[in-house]
Amino acid sequence: MIEFTDTEFMICTAARLLEDRKTVFVGWGMPQLVAMLAERLYTPSLVQIFEFGAIGPQSLIPFVRGTMGGPSNVYRSLQWSNMNWAFAYAGTGYVDYGMIGAAQIDTFGNVNSTLLGGTYERPARRFPGSGGGNEVASLCWRTILVMKHEPRRFVERLDFMTSPGYLDGPGGREKVGLPRGTGPWRVVTSKALFGFEEETKRLTLLGVLKGLSVPEVLDGMEFRPLATDLVEEIAPPADEELRVLREQIDPSGIVIRGEKMRAAR
Amino acid sequence: METILQGTAEIRFTHPDAFREWVREHKRREMVEKLMTEGEAVSRCVADGDYIAYDFSSLTRGPQALVREIIRQRRRDLWICAEFTLHESALLVGGGCASRIDVGFLGYGNYIGRAVSDGRVRVFDWTNGALASRMLAGARGVPFMPVRTLLGTDTLRHSGARVVHDPFTGDPVCLVPALNPDVFLVHVHQADVFGNARIFGTNLFALEAATAARKVILAAEEIVDPLEFRKDPARTTIPYFLVDAVVHLPFGAYPGGVQARYELDLEHIDKVNAIQSEEQMQAYLAEFIYGVQDHADFLNRKVGWHRLQDLARRATIREGYH
Amino acid sequence: MIEFTDTEFMICTAARLLEDRKTVFVGWGMPQLVAMLAERLYTPSLVQIFEFGAIGPQSLIPFVRGTMGGPSNVYRSLQWSNMNWAFAYAGTGYVDYGMIGAAQIDTFGNVNSTLLGGTYERPARRFPGSGGGNEVASLCWRTILVMKHEPRRFVERLDFMTSPGYLDGPGGREKVGLPRGTGPWRVVTSKALFGFEEETKRLTLLGVLKGLSVPEVLDGMEFRPLATDLVEEIAPPADEELRVLREQIDPSGIVIRGEKMRAAR
Amino acid sequence: METILQGTAEIRFTHPDAFREWVREHKRREMVEKLMTEGEAVSRCVADGDYIAYDFSSLTRGPQALVREIIRQRRRDLWICAEFTLHESALLVGGGCASRIDVGFLGYGNYIGRAVSDGRVRVFDWTNGALASRMLAGARGVPFMPVRTLLGTDTLRHSGARVVHDPFTGDPVCLVPALNPDVFLVHVHQADVFGNARIFGTNLFALEAATAARKVILAAEEIVDPLEFRKDPARTTIPYFLVDAVVHLPFGAYPGGVQARYELDLEHIDKVNAIQSEEQMQAYLAEFIYGVQDHADFLNRKVGWHRLQDLARRATIREGYH
């Protein structure tokens, strides 16, 4: 058996998705660790772009908590720029991947990171809102959503649509004027990996953590994701991934702490 | 220009002509010394009801000392532009200073979330990129900027943006209105007494906001000879004529860090982030803001020489920051 | 008697108009010399802004021919920027004065620097066009036009309106959406100085070179400028002005050469 | 979006989506060596019918060697963006390469003026600022940029701009369409083999045009170690992923100068400016462009070591160019 946290599983799964020699728009916190891990193990020539203007840094490890824009985060960038330029690169199609978090998603990969319950004026719970998430989801070619796996987060109708997925389905993005050919590509959760079916643009289960069954993963969701005939088994974090994460990237366990999980090797 | 869709948010919008006239009458082209204390700067430049923006992040090069001074002077009914903000919004709401927030990123923590839920502060949802684009429009003297974001979302419906048909492609495009803040607060590495300033590292929209704002308060780690700017003009981030007040505030981003000068103080930041209840908030404000006279007094009595030296010593990455 | 060229007279007259501790948008060639002369004799704290992004240079003299953007031109600037920023400063009202040339002007100070005669497609003579002139005339608070004094250049109807004066008269600029409160302020020619009447926005003779009569100056113009009751006498270039121009600023006579003129001291 | 007024010019306009797709398919995110000769660069990147833009001025840091190579390779039917251009337009028209010109500033000299009058080249009038704004729109991936210039003039009527009512103020505002050139030529002080580049001094729209263009050819005075860029990221003008070809071309701006490297050669510039007749033009092209193999051959046989050294020696102002 191997032991790990839900966060570690999400980080490792997301890191394996990235493609080498491509650009990725990196958000705050967990996405930073995904990029660091990928850079070290899988995609040494990944070019990271941050909304605050760091283009292509080789961020130092260990990860310094709260260092969005600090010296270790932007270390040895190719260019130090600003927000309007970072989003200009994304706007003109130079950014292949984007990674953002979510509080809720729906079947078309639309994202809520603004509020839960109540009214807009008096929400039951208020979150930070879009940040740069809406830009990432609008402008990068392929968006990767990362979300803790809780069935109640998969909803029929979002409490608030912060960032666009496929909106109301195929052609929805183009109809409202979003850049053609973009959209959510993968959803990484702490139990599974989803994609979107080409035709319907609906959430599709691609894989589950080794040892979990499909019903276990889908149970309790408000909508039922499509499933491919062959749902893959996702390997748990490998020893090497965990070693790099725990020893080199986040030795104080600031980000990688979370709910304990285990799986057979 | 037919509007297909219009967001519901109240917006603080200035006609570009009105902004130009304000610049003509109030911005001095003369190179005059603008050095003053943070008390004077806030008292002269920040009025109740003002719209306030700031650069960069809470944790790096944020104008924390200036924000504390605004709270200390108990400004009221401010409308703030929360971009990359974490605890500043919470402190400004806790101090009773802010009543409206344009949200890029509202900031973490239960305190600010609860303040929204309780209706103690009104929020208008935008995005980081939309606010940066609004600032760019304000800086170019045009009424709006077209963007291909926000489209299709509730964020758009609750923002003050509009969707129109672009006449060149026929497709829908989103227009975000120019933003001309009343006050822009920025903490920089170096400034001269006239207001020429250098920022090292990246920034959000330092020059855009400085150009777009009615009043600019510059807090600087270091005051340097004006000739320095003329000898290396490519390094000038903000030229003097945009600036109204220069305040020499070493460690002015504390508890955040400033690149190549000092690291952030995570212990103090955790203290702020841990604030949940009104009681905790008021206790924090009483001790660290109302209870001190000014920034120097704060550093001296609430942080202390040893801690400051330790934070400075930890700032070992200097490459590129010159 | 003092001897000078028409160009020297224009440069000296324009230099006397500038205000110290103000910003001025400086165009290529003659305006550069105006700013240099003013800086040395009248307005030491004038802040020059160039469309190619030099903000506040202390240009070296002698003037190097063709050095728009070269090291002596942008020497000791306060900021080295680019065109979009230079015009952003003008667009937000930070630039007090602008100086541009003209091939023709009309009674409302509208400017032609594009073509003469023929059709748009096949002009009899084709000039460089707007350059940044349209921006300067649109965005700076007060525009100073500089033009060689030839009666045929003062026309009822421009062959082409390159840059806006008061368009069709009072309120014309505001009606089309140009920034409020801007417009041409002075016209400096090689014989006279004009302004614009507050009410009608029409060209008004303010002064003539000492020794010239008003009819001599206005003779042959297609329209008759208004004249104030007291048309001033404009002093010819002073010895000190000529000395600085000829010895320090343009010793090789590249710009200041021109038609010989003379006037009583 | 109701158009109140629309200019008559033909425009080269690319739908932002089509540009994005071009970028996705053709711009390499990989850091690959892009060093090649000017002959290869032009042959790979410049096709007949292309729209070409360049930075900075004819007299300072212009991509003169690249322009000469385009003429030498006898490209046809080019549409050029004449911003700050002086003799490049004339030479490109004289070489039979350019058939259309978007005018900011057309360039001095009788030759080019006569070519327009004779109908040998079509011009569309814009302004320097409008072209810079169009480039910014192209670089932001949006279809247009609003400006408060052009309004009320014949320049507007003969441009490809449109006037609409701004929905925020109700006032008329001018919209200039995004410009996405097929090729952007830029001469820089320093580049690495991947295409990261530094320009010292000011620029027109180097980063805007590099981001907006389908293909970017970079000519560099000097090739430096890639690590140099990472050690001082604030100095990077253009990041590598925008660039398609890097050409090492010392003295590539000749007869113009490059700041802190060499002064302009006024004698040669006068020779170009003096061209009036077709005969003079063809004689110049034959001697200095068709008659040499490449830039090195041109420098060696037509300029000579002594002259080059003299121009370099005169570049004594170094302050700020580092």
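Letters A, B, C and D mark the chains in the order given here, with residues in each chain numbered from 1 onward.
Simple rule for what comes next: a residue touches a chain if its C-beta (ideal position, glycine included) is under 8 Å from a C-beta of that chain, and two chains touch if they have at least 3 such contacts.
Since the structure is predicted, the reported quantities are computational estimates derived from the model, not experimental observations.
*Asks:* More contacting C-beta pairs: C-D or B-C?
*Replies:* C-D
*Asks:* In terms of CA centroid distance, which chain is the most far removed from chain C?
*Replies:* Farthest by centroid: A.
*Asks:* Would you kindly tell me how far, in whole Å, the mean C-alpha position of chain D lies from that of chain A?
*Replies:* Each chain reduced to its C-alpha mean, chain A and chain D end up 40 Å apart.
*Asks:* Which whole number of Å gives the spacing of the CA centres of chain A and chain B?
*Replies:* Computed value for the inter-centroid distance: 28 Å.
*Asks:* Which positions in chain D are in touch with at least two other chains?
*Replies:* 16, 141-142, 148, 166, 171, 173, 201, 231, 233-234, 319-320
*Asks:* Residues touching two or more other chains, restricted to chain C: which are they?
*Replies:* Touching at least two other chains: 54, 74, 76-77, 80, 84, 87, 91, 139, 179.
*Asks:* Once you've mapped the touching chain pairs, tell me: line, ring, star, complete or other?
*Replies:* other
*Asks:* Please give all chain pairs that are in touch with each other.
*Replies:* Final set of chain pairs in contact is A-B, A-D, B-C, B-D, C-D.
*Asks:* Residue numbers of chain C touching chain B in their complex, please.
*Replies:* 21-23, 45, 47, 54-56, 58, 74, 76-80, 84-85, 87-94, 96, 139, 141, 179-181
*Asks:* Within the complex, which stretch of chain B touches chain C?
*Replies:* 16-17, 19-24, 27-31, 138-142, 196, 207, 211-212, 229-231, 233-234, 236, 239-242
*Asks:* Note which residues of chain B are touching chain D in the complex, please.
*Replies:* For this pair, the touching residues of chain B are 1-3, 13, 15-16, 137, 141-148, 162, 164-169, 171, 173, 175, 177-178, 200-201, 231-235, 319-320.
*Asks:* Spell out the part of chain B that touches chain A in their complex, as residue ranges.
*Replies:* So the residues of chain B touching chain A come out as 56-57, 59-61, 84, 103-108, 112-114, 116-119, 122-123, 125-130, 132-133, 136, 148-155, 158, 163, 166, 171-174, 201-206, 208, 257, 259-260, 263-264, 266, 269, 315, 317, 319-321.
*Asks:* Quick check: in the complex, which residue numbers of chain C touch chain D?
*Replies:* 50-54, 60, 65-72, 74-77, 80-84, 87, 91, 110, 114, 118, 120-135, 138-139, 158, 160-164, 167, 172-173, 176-179
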